[in-house]
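Down below is the structure, laid out as structure tokens.
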């Protein structure tokens, strides 16, 4: 056990020695400086290690050899060890990162840095309140100086504001300490707390409250609580990013620890006030962050928000409302420390402050990957620590009955996700606005190394926490391992990577599928099989496609994990993993910046709803698809049902919540679109399956809820089809179509009878086949033509006959015309709805499926039929791998069309005994209570008729002369150009006119309004930070008054 | 196997009957329209001559494979529609392949031919074909809305989707017909029927003066012969469908002829009186009164 | 009207007014003055409507006479501005900037008379005579009958006849007989009378 | 096509619109069925179901309309108007034909399938009529497309037209109305005549 005194000795001693060393030998100072920091860090790690392994007890060090109150004592407990280790680690890394700049400024900057580190350590370690103040001052003064080190106006003014705010805080703190000392006669934190209690009811008690108020107020200022934090923003904004990183990560952490020590003194009444302050700060800072355009300031808001959240967690934990709050706090803290520092460091490397110009980083895949990683960590995506902390936090809050808190915390997180990923979007897709910073970003090796080190550490912590938190973590880790493994292949040819991914998916499927049954089997074979086919299609890629295959594999893996999950946490883990990976896939599209952001925000909102739903369901085990559960378990209540259903409705793009979907489906890369639309859209279906299994029909209000969801499904189906018919963009058309088709599935599931479920699952498979087919075929066409506007194509049947056949089969299947698979789904659906008594929904679904003919025809006509354009007259057939994948799907469609029983029978088995059996098979005929359908006979009759009639036509027809595209009867004229002869643009105008009343994009307008409103509020609130020191002081006082009122309320 | 062959033979016989009946109907309609105009009109067998004439054309041309297959798709759709429907209730030989599917299959099969035909016509590259298809598809989908509602009303009423069962439920005199037992659904169905038969006022997709006869602009010779044949079969099949659904079906060919003829006359007389709707007008028409009637029908039937 | 005519004559070197009717007067101005004159009439005198532009081929004088006919809605009368241009390399200033519709007339004049209007939109595109070579057909030195006989495979057996005689002979032979004999009769009596007298 | 559009679409120098967009095959005569009974039967069907494509080039078109009204009603004889050449068999040229119109007449005529019949309506189609010496109207239609029946008059009354139809039917029944084959056999002669008057021939040799 090394005594912590060494920390101070090393820091102070080296600090004084540095100038001498510098004189003695050039460059020696840097080495010694880093060695000193390493020494400090080693000491703290040593404590942490010893405490963890139980090799030593909590250490109490008495500096002057006396016990308190006669001397200052330091404590090294578990918390202290964790915090000092983390802070020292970060500061060491930060020093490495900053070393060139520090040495450039001379030894004085290194001295300041050492003092800064020492101050933070002291803040964590000391148990003496005055000593705490001293260390705080040391930290503060060192950091003012560090901030102002740049010696430019911005840095100096920021340092000045920092100093003003810091001295205000000091004054109040000192006043508080004096009064407290006057009352209690001690400065030792532990004894103050115990003595304070005894003063209640005495005359001195009148002094206690103001004293405590002043103390807490001072610490709140140090914690940069809203709105007394304008100065801090200027600091983050103007300091060198390396310094900002340290202030954000280190000193904020130290301040948090200090307030953790102080709050017990203040007494229980203060916990609530602190928690409220913290969460208000969290929400407000993140809200204002929405409007930020500068990276430093944006990160500043994020830091302040995170501190607020941590304050909330700590105060509620101290209050005793949050079990296992330590874990939450430590997870959040470490996550914040590393991720935030990492992002600040990245800002330093790029040297670009405006987030719009962050396209500069796009050419450095490694840095971009790091950025994505930090973003994911900061927004609480798995497997990073914040994910587990947030999950535990929400779970505990719900079980503690703190629902309103959850709302605020999730709202704040949503804002944070929004602005962080807006930034990330600019980084990936933004490009550079003005040429001045257009050159490639170059980090020095040590800076890059530090960033990598931070990311690695974050991952390690994530791995550790994951092992602690989640059951069956090996299985859950598989997708990540696969993706990480693929990263090793990044240097290879894209085709090699594709084949490796394909092999990985196939091997994984081969390993797990035989051991499965029921719903997991269904969805897994569907996800993995479908994923494999789609991977095959991506093999045509010639471009570098950095990061594409890992993310694709991650998405397929997470989908599989989703279907395999057996607890709520596993489910949610896989769900978030899927969201993130698919977001990256969407973002890879050329014009995908805005759609991807929209996708992310909606997905995050949906995910939070799901999380809240899980939390409100309590400890209900969710997932695992209720294998072996006969019937419905019926263990959910109304609130969780609504929350979960709402969350899943976002994912399936139910009408009203669909605004993200057309863009995300359409703007992703062409082959990713196929995957996202045909496979990923089923994740929501899976969610509903699991939810409905869990919920059953027994709970209160179930009738209305199910019929509401049913109506949403039907309306989604209708509007999806209607909007699809009005699109000019082939992929948008298919995207809307997907939205509509998933509506049928939801409608079928919501019917809650055997036929409905068979219909939904059958239609899932069928939709995967035909929509995958269509998207792949369109991907091939877009790949060759370079446009997505259908009216620019035309007549491609002669050049791309294989793709044409795909599209034709696809639309026949899609439109539900017998004899192909689409009809089965429709037939089952109507039977289910009639069984349920939902006649109007059935009629609406029927109408939607006829509207589907409109866009089906349009797709095939505008692209393949009609007039060929001269620009495309030498175009080639789509790449072979795309065609191969399409023909696998066609074969599957044909097989299932010929013998629907080979698909429907297993699905009936999977749906199993949960419902009364309504469907029966007799030979090839499927009987429902209302009707019957013999797919085989229909196929045979149609084929026979077709063959016979074709032969007849061949016999009676004279040998036809093959003619070309202008050989048409054009009212005795000749067509002028193919462009003016191809009737494809605004094809269904009369339809649009007739339905103009209901075609107004109400949902889009609504969400636009919500977005604008949030931005407007953010913009308005932002103006309180005027940059004026006087204004900041006023704000601090206003904050004091507010805090006072709050504490009165809290104390009474 | 013998069963199947026998059924195929029977179906072929049915097809012959219906085809000839349909051709005569087409001829008759032409005469009726002529008489309304104050003309004499062509002989009733004119459709036969027309088909023979188109068959005797000596040349043909082809815009591509889909152009060639389009008419085949079309007539498969027509014959299929007929084949999956019992024509005469109780007759051993006019049941066709109705064992293969119920009314949903039949209704969806209507679109089979339409889609195939649309593909063929679109391959010709003629803008008028595309415009005609657009109009036809748009109008037809709108007409399907009240029809779907009427169908659902029947399903609610009879709790079955099998055409045979629906017909069976209507046996025993006019009082059992759906026309009497479910008049609102019948009304909705009949309003949709106007659109589905594509007679005036719902024949803007052909619009001979404006977009020379729409989708089939480019078709000729034997293609046209197939399409003319299909026109008669398809017409008759749709009539039989509506007869089965709303008017008690038929127990003999004679009854079938009488009922379908009467049904057709409704459409024909409406057609000679009313001028043609534009597409958006007809769509709006369908989504107003017929839609309201349809919803009313479902509500009444489900409420029972 | 009178004032306007006087103005034209004084401002644009107009010749004598040729008053056809009370509300229709033609004035000849030099070809170079036409555009200015028309602009004046349109903007100042209220003749806002261009009725037509026409040409007459005065081959004897070696000129084309162009006539721009304008109408005034306020005054309810017409003024025709005439101008002579040489037949060789006939060319005239375009007035399509005054009236966009003039381009159609000018195209037609270009096609039929070969009068060029430099700058007029699409003036060289034929309206009727796609790919026409040779003399423009409305010029008087173009022999349309000869051209037709050379180009269009005239059908044999066509001959021109006076419709009156032809009808009389073909359709009303007997009546003609009667008529003739009556005529003869009358003539004979006259003769006889004369002889008598 | 303007140069700009060409550039946008990447159409290079060697791009030939006519050969790119039109079929360049020549027509070939298709002899009627060798079997006399079949031939007669087919001729009977052709004669009794005549779809008319009316080309109302001149004032003669006004005389076509009454044919389909209650007063004359040619549908009695199996004659129906048809708006597309593809499905028609009788092509009626309703009066004088200017050169520009001739181009359209030729195009439509060629788009009709074999067997096809042509009726020249009014004197203008016979010998130019009152436009016989015009620089812009043809004199004899039969030098450009084969004509089966001329109905003379300026204008002929609907009764004359019905008489013309009767004559046409007789010809068809007798197997003498083989204009399409005549055209194919004397293709070069017809093309020469056509090209003599049509100077900007921006279409293929034969409009399929």
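All chains are identified by letter, namely A, B, C and D, in their written order; residue positions are counted from 1 within each chain.
In this section, a residue touches a chain if its C-beta (ideal position, glycine included) is under 8 Å from a C-beta of that chain, and two chains touch if they have at least 3 such contacts.
Nothing here was measured: the structure is a model prediction, and the numbers come from that model.
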Discussion item. Hopping along touching chains only, can you work out the least number of steps from chain A to chain C?
Written reply: 2
Discussion item. As a test of understanding: of all chains, whose mean C-alpha position lies farthest from that of chain B?
Written reply: C
Discussion item. Between B-D and A-D, which chain pair shares more contacting C-beta pairs?
Written reply: B-D
Discussion item. How many angstrom lie between the centres of chain C and chain D, each centre taken as the mean Cα position?
Written reply: 36
Fill in: Whole-Å gap between the CA centroids of chain B and chain C
62
Item to complete: Just give me the whole-number Å value for how far the CA centre of chain A lies from that of chain D.
Response: 70
Practice prompt. Scan chain D for residues touching two or more other chains and write them down.
Written response: 23, 30, 84, 86, 208
Discussion item. Show the residues in chain B shared as contacts by 2 or more other chains, in ascending order.
Written reply: 55, 57-61, 212, 217-218, 221
Item to complete: Determine which chains touch and list them pairwise.
Response: A-B, A-D, B-D, C-D
Worksheet, complete the sentence: As the complex stands, chain A meets chain D at residues 869-871, 873, 958, 961-967, 969, 972-979
Discussion item. Under the stated contact criterion, what part of chain B meets chain D in this complex?
Written reply: 30, 34, 37-43, 46, 49-50, 52-61, 208-209, 212-213, 216-221, 224
Worksheet, complete the sentence: The chain D residues in contact with chain B across the complex are 23, 30, 32, 41-42, 45-46, 48-49, 69-70, 73, 75-76, 78, 80, 82-84, 86-87, 89, 113-115, 180, 208
Worksheet item: What does chain C use to touch chain D in their complex?
Response: 128-133, 137, 142, 144-145, 147-149, 151-155, 158
Worksheet item: chain B touches which residues of chain A in the complex?
Response: 795, 797-798, 808, 811-812, 815-818, 823, 826-827, 830-831, 834, 837, 839-840, 842-843, 846-847, 850-851, 853-854, 856-857, 860-861, 865-868, 925, 928-934, 937-938, 941-942, 944-946, 949-950, 952-953, 956-963, 965-971, 981-984, 987-988, 990-991, 993-995
